[in-house]
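Chain IDs A, B and C follow the sequence of writing; residue 1 opens each chain.
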């Protein structure tokens, strides 16, 4: 299993919120054989299990969300144009003159998001059109479209992965499938006798819209969990305290709303194994699944880690392969750490 | 069908004060279910067991509560100041006739000289015709709830206007489905949930779903349409059939349920349309996310002028919702 | 390798040729035309001239521009982020988030036009267009020195966009630089057709592939002074607005209805006789053509018609949606209509028009 290839393969899959299972067969073909079990829970979270081989093993949950930002068709217009609505917080500034794929009933259609010709533009040109004002041009007729798609058909950005300097790579949906790939890679490459418990990799759905990981964590009821999501990379015009640096390793979140002791133990593990990391401070919210997992059932100790990423919520998100390797190392350290297993494996406190 | 709906709309039931609606519905559904009870939050839950040995649990939900006003101050003049419960459109309610849960009539009016765009709770009051505080307090006390007066009128053979169709129409549909299921038994256990407190944040359905732990759920609520003058583009039309919800601001419905409903509609010749609502939310989201969650879908009743005194639906859509839902649970 | 039709168009469009840096395109054109013309030369400006001799030494010029809208690097900051300026009119709304290729005589390197993420924008700014001065190009470099190992201030950039055929019968093309490589492509195919069929044209015909159209400081001006034609056909791309919801009077033209013939634009009032000759030729040969229904834009004709003693001009344009973006969309039917129309015009041109 090669990490960079896995990242691109997972990120290329269409998994727009609500359609995470659209390419489930491909996903299973990619990673299924490396796990002991894979199943869907009631709400559609996809869970891949690797057993450690011991009886009454601890349950360790690794969460990365499978869904990506995208659009749904809301209207089919004369001349082969479509109107859409967004799924997740797309940065609408990127949309005009973008390539999209329309995932029709039987086939994939290509389209372009129309830009407004200057003589049709209204206003002072400083305001971005709202997403429901934009048009997708399919160069098909309305009749052809009506036979191929319907309202609610998902529309995604065309995958185009391009390598940059220093092992950086840009393309769509590294948020959060690069992290999903790291969780899978770390789990698969760690020998099962080293695991501190059974590992449940939960590729959760609908993070960009709502926290569907909540029922997932409720049903799974793990002993402890790690939530893995991308973190805002430092670029010109951003504040140091709100960002992390690309190429300096994964971030570990310190927050009032995640488990402080578990976080400290993870930091210790990183130090022991000399894994580079950065601290990211999010005082009252993490903006990730971590809080929902933490609050499931009677409370599940959860730590939040992040992969530095620039240009979030565009289709040219940038990550560094080096960071994904160190993130995998950190995840691996987490699922093999005996001290954490001992501390959190004994179950909740009886009252 | 219309008479049943009318009967349900006439009962007072602001969020948190739904017991009158619950009791009415409990009586109405009794012949069609095996058991029914009202839970801690006030939800009415009725169960009809299926004939299968391993029945699935199917939850059907409509909310009983309606938006309204709660009395928070009585002025010396006898005018009554109120706070909103749920998403009140003050312009739509101004100069409207209101009724309290105890049958006290009055009118909701703005302070003199207030511009329509400024209508807000602090600038509105209810005049119940009392001369002073004392006489007002004989009929109304702090905590009483008011609603815009209920009424339902047939405009023509199929269109109906009035209130509160949000969401007594949903309750009516669930009740009609119960009748159909009683006449033609199905394999699975059907849980009819008439939920409370939807208008203030989908609170009732959350606890009901937690208790039931359904496998599948369908929610019935009103949805907006894109066919009124100046409306935002939206594909749903009044009279266009049952609206199969794909998403709204709070939920993305299970795509397999959406596909199945769309297929059934085609196979059985039931008129339907697909709904993407750019605002709002329903009990679907809370049911989907409670406990370990469930596969959640929703069939919406296209409705114009929601949250006003003149909500309008088409009884053909209403019928289509019932038929489509019945085919779904039969399968 | 000799390419034709769709492959040739894609090949030309994917060349790196922003205004002021057209050599790669020029070399590709010369390579494709070798042995097809009586003479092919490049002038000091970078314009390429391909001559087909005719019966009369009266000269006809056909011109397409080789350059495309692009970027120039204006600054590199110490963290390795690249500031840039646009070459040619590009709506800032189509810049942000797009992949680009930067380069000079030696290097090509991938990058992306970025700005701070939406999460960092103030709520009120989230729906306003990011100005170019707040954007930068990220190539993944660690610092300024690393950037300079590849590119430097004054180097160029273009969009990096896949070339795709799509839509009904796959007859629509999407890509960058269709403006005006489609014109260049048509000229190459016309030259080859003349040669393959041993046709002798009425006049000496100069096919001019020009530079620097997009910034208005046109290579065509120099070309016209050099060629001294009596007539010129300008092949262009024009922005059209035949999109859903656009009012009819602002659609300009319709994709799929043939070459767009201008009566007047902001730089030229076209010669009425020559325009009529063009329209009649289309009609007689059953070739689709349409008249531009809006006064907008301008092209090399603006310089050519005023050159020397004056030149009769006609402009035939590809109606192109989303012009000057990485995703220009045009119809291959229109491409063929234009190619056929120009071929028919050259064959039938008479001294009196």
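In this text, a contact is a pair of C-beta atoms (placed from the backbone, for glycine too) under 8 Å apart; a residue touches a chain by one contact, two chains touch by 3 or more.
Note that this is a predicted model, so its numbers are computed, not measured.
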| item | value |
| --- | --- |
| Chain contact graph, described as a line, ring, star, complete graph or other shape | line |
| Geometric centre: closest chain by C-alpha means | A |
| Inter-centroid spacing, chain C versus chain A (mean Cα positions, whole Å) | 40 |
| Euclidean distance of C-alpha centroids - chain A vs chain B, Å | 36 |
| Whole-Å separation of chain centres (CA-atom averages), chain B against chain C | 59 |
| Contacts with two or more other chains, residues of chain B listed in rising order | none |
| Chain B residues within the chain A interface of the complex | 215, 232-235, 246-247, 250-255, 258, 262, 274, 276, 278, 285, 288-295 |
| Touch list for chain A against partner chain C, complex | 77-81, 89, 91-94, 96-99, 109-120, 125-128, 130, 135, 137-141, 144, 158, 160, 162-168, 170, 232, 235-239, 242-243, 247, 310-316, 318, 320 |
| Residues of chain C defined as touching chain A within the complex | 77, 79, 81, 89, 91, 93-94, 96-99, 109-112, 114-120, 126-130, 134, 136, 138-142, 146, 150, 160-162, 164, 166-168, 171-172, 174, 239-246, 250, 252, 255, 294, 296, 321-323, 325-327, 329, 331 |
| Interfacial residue positions of chain A with respect to chain B in the complex | 17-19, 21, 41-44, 72, 74-75, 83, 85, 87, 132, 150-152, 206, 209-212, 214-216, 218-219 |
